[in-house]
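Several structures are given next for inspection.
In the two complexes below, chain A is the common chain; its partner is chain B in one and chain C in the other.
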Partner chain A sequence: MSKYNWDWSILGEAPYLGWLVTGAELTIALSLCMWAVAFIFGSLIGVIATSRNPLLRAVATFYIGILRNIPPIVQLFVWFFVVPELLPFSWGTFIKRDLSYGPFWTSVVALGLFLSARIAEHLRAGLDSVPSSLVNASLATGLRVAQTYRYVRLPIAYRKMLPTLTSEFLVCFKMSAISMTIGVAEISAQSYQIESYTYHGIEAFTAATIFYLCFSTVIVALSSLIEKRGALSK
Partner chain B sequence: MRLNLIASVFAALVLLIGTGEASELRGTLAKIKKSGVITVGHRDDAVPYSYLDEKQVPVGYSIDVCREIIKQISKVVGREVKVQYLSANSQTRIPLIANGTIDLDCGNAFQTIARMRQVDYSIPIYFSSERFLVMKQSAINDIDDLKGKKVAVIQGTSADKFFTDRVASQKVDIGLLRVREISDGFMALSTGRVDALTSDDVMLNSMIQRYPEGKDMHVVGKPYEVSPLGLLLRQDDSQFRLVVDAALSSQIASGELPKMMDKWFTSIGVTPDPAQQSAFRFIAIPD
Partner chain C sequence: MSHFQFGVVLKSLPFLWSGLQITLTLTVAGAAAGILLGVLLALMRLSKSRPLSWIAFIYVNLFRSIPAILVLLWFYLLVPLIIDRPVGAFSSALIAFVMFEAAYYAEIIRAGIQSVPVLQREAALSTGLRNWQVMLHVVLPQALNMMTPVMLNQAILLFMDTALVSVIGLHDFTGTASIIATRDGKVVEFYTVIAVVYLCICLTASQIVRRLQKRLQAG
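Presenting the complex of A and B:
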């Protein structure tokens, strides 16, 4: 049987190399924006989830329950296709027509919020792991509840969570590829594009794989560096 | 008449293949003779070329064309050949052909020189015309009316290449939305996200037929690009390719292929372009 005609030189050719580079840039930009959304909303909901107010706790449980249990690709389609139809007409039209890089921002919101539910759950566990004696002691020194979060509970929880946050960021990084289903030209989409122009798909996807692997390795290395510096003294 | 033709094609094939030392079957044909099975790649959603019907059975124009080719293959290898269908999308079909899993891909692959470096094509089975699907109330009638408008293209199609190249070189002022499937493009058009969806006019018409939203839409414009669609074969297997092309030529010459085209395309309101019919007269290779 004849075999696949490997041609690695295709990856260095114009315009394919350029596509891979812009795809990689977009993947990184998208991951960072998604992470910002995930971290901010995750922290907010995580704190609410440990509140003493049962109503607030219920809100957080609901948020986590909905966002964590629906497959991210379904959420992305809901945000992309359904949400603009539910909004007032002019808002919907703005999102659909006038917002530049619409699919990009939709992905940032949709996938960022999905990840925020996961982070919220981790943070809730992290906050719960702070000994209650420590919380009581800080309240006894005259700190308000908000201040105990700010000065005592959150710094301890985040440090404990660092390895978890690293793997969540890696999830975030890899999940950015889902955005190609709504037309974001990130690196997986660009590989797909190269494959349909040239039929050299395996080479293009290998290049994308190596990019994902290298970037992830760098993140893991950075994170372990931070972990060493910021470790809680035992 | 038809029997005569098939018989004469068969005779021609026997002559072509059966002379001298070349009588031994090689490559794909040898594999099919040995196993008695041919693996055919099909698409799931390329209506009306190659798709799964309600019973999840592959059907369509390309599948019908292939069925006739496989009859010829059976004659050449001298035994009844069983057809094994394998769903292959545009990303999986090339590796599957190259590694020997798929023998013949019966979908709607458009032909380009860049792709021919990796895979062989049969003679064309159709010439797809790229046109636009728009809302009936819009004022868009052709490509010139799209200035400043948004257009959905399906990733990896010839339309995608056409517009991506032109937008990149700033020849046209059009906002592109790249969608993964024709159904996503259709949804983008029906929700007002884009002003037009561009693709093969046959597929666009099939969308109008299949979905109720289609009643407010129509296909407009002169074809801005025409691409030949062919069946995909492994490279370096001229013996197999000869059988496939000969079978196709005889289907064209006998009028069977235009008949199949009518059956699949008129049912969705597409009248194949008269130019299409004359093109076929030219591509059919005489015995």
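Presenting the complex of A and C:
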């Protein structure tokens, strides 16, 4: 360590401070968009996975099986490099050339869908844990099957899942860093860039690490607040 | 689809195989050493000594809250600085994964240790065994046995995480495929093939784990 040239002031200097700030903003924006994709598709597939129709259940099993068993970075490469080639030519050029923030949206889709498979699996377990007597009772009151999901099964499942959803969101937040491999300038990429411009890697990575730590702490604190309000009384 | 040539992948099989060997070595060595360090951390976390417990707590939570890719970058930078001479990307990546996985294994093993009934400990202590003997001969074997499926699943996650090492320039399975794919302009073919290979390996491995889990539950 003797040869390392420490200079923490670098983090406050232009343009490096700006890089870190935009990187942090991008990480947060990316995680929220990924989470939206993950939550919507995860809920959809999770519901399908508990359907009575064996064909629908098979579709859900297939979806979860494929998306959970390929490394997220490989899935990202497939969405970024392979999918545009398979689409009709004009769509492919739109994605590769004309779409602004192409790598950002590709990451949202690729990493969001990977996470959706994990959420679907948790939701399936959550929905299965709703007592069948409760479902039958709600059917007896005249609710349709879709309404039992909307008013009975999903609200109970989501509440039970709150701690799991929190940890999945943290997984989502950390996973956003993978997008740097296709050129999204989020916080890890920015700190890496500062490292290669200034050779002050320790300072730059420390900044990124502290950002991840702080954000995770805030999320955990927020979710325990929500859990206190939303928890099912025991 | 007709203009895609999957034949080129066959010609590059030796390269891909060398990449896959790096991926597998990282996974096996990372999981094995990660479990050892994880046991140590779990014991520290559960020990009566406040400082030891705190160090383990901080270690585990620090590693669990930052992305694997940032951990790789950290160690790629730090390892040569600390030992004061250049080491290859492989050593850096291996050390990074061992330290990173240990945090996850520590939590799994801690849960395992805590699930061994206290009565057993008391019984073992009353036979005259010392504290460390009880841990070593009674508690840990059961904890590790019980947690084997969970630890294997964690190893599958590690297998998938090793695909990130191309970010520090190590040519693992994904890295080799990226290089050849770009060189030959055969991106579609190579990424499709490695995605399928990863899928097959992970699905097979998780099937085996599931079977093991059933057998453990039955026995």
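Simple rule for what comes next: the second predicted complex is superposed on the first by the 232 of 234 C-alpha atoms of A that agree within 3 Å, B and C clash if a C-alpha of one lies under 4 Å from a C-alpha of the other, contacts with A are read in each partner's own complex, and residues count from 1 in each chain.
Here is the rule we use: a contact is a pair of C-beta atoms (placed from the backbone, for glycine too) under 8 Å apart; a residue touches a chain by one contact, two chains touch by 3 or more.
Nothing here was measured: the structure is a model prediction, and the numbers come from that model.
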{"item": "Clash-or-fit label for the pair chain B, chain C on chain A", "value": "clash"}
{"item": "Contacts of A:34 with chain B and chain C, given as first, second, both or neither", "value": "neither"}
{"item": "Which superposed partner A:85 touches (first chain B, second chain C, both, neither)", "value": "both"}
{"item": "Superposition-derived comparison: chain B or chain C, residues of chain A touched", "value": "C"}
{"item": "First (chain B), second (chain C), both or neither touched by A:73", "value": "second"}
{"item": "Which of chain B and chain C A:5 touches, first, second, both or neither", "value": "first"}
{"item": "Chain B versus chain C as contact partner of A:103, first or second or both or neither", "value": "first"}
{"item": "First, second, both or neither for A:93, with chain B first and chain C second", "value": "first"}
{"item": "Touched partner set for A:197, first chain B, second chain C, both or neither", "value": "first"}
{"item": "Touching partner for A:183 - first (chain B), second (chain C), both, neither", "value": "first"}
{"item": "Chain B region in steric overlap with chain C, selected from 44-52, 62-70 or 98-106", "value": "98-106"}
{"item": "Set of chain A residues, in rising order, touched by both chain B and chain C", "value": "1-4, 81, 85, 180-181, 192, 195, 201-202"}
{"item": "Chain C contact footprint on chain A (complex, rising order)", "value": "1-4, 65-66, 68-75, 77-78, 81-82, 85-86, 170, 174-178, 180-181, 188, 191-192, 195, 201-202, 205, 208-209, 212-213, 216-217"}
{"item": "Chain C residues touching chain A - in the complex, by the definition given at the top", "value": "1, 62, 65-70, 73-74, 77-78, 81-82, 84, 159-161, 163-164, 166-167, 174, 178, 181, 187-188, 191-192, 194-195, 198-199, 202-203, 206"}
{"item": "Contact footprint of chain B on chain A as seen in their complex", "value": "1-5, 7, 81, 84-85, 93, 96-97, 103, 180-183, 185, 189, 192-193, 195-202"}
{"item": "Chain B - residues contacting chain A, complex", "value": "27, 31, 90-91, 94-95, 98-100, 112, 114-115, 117-119, 150, 155-157, 160-161, 177-180, 184, 187, 191-193, 234-237"}
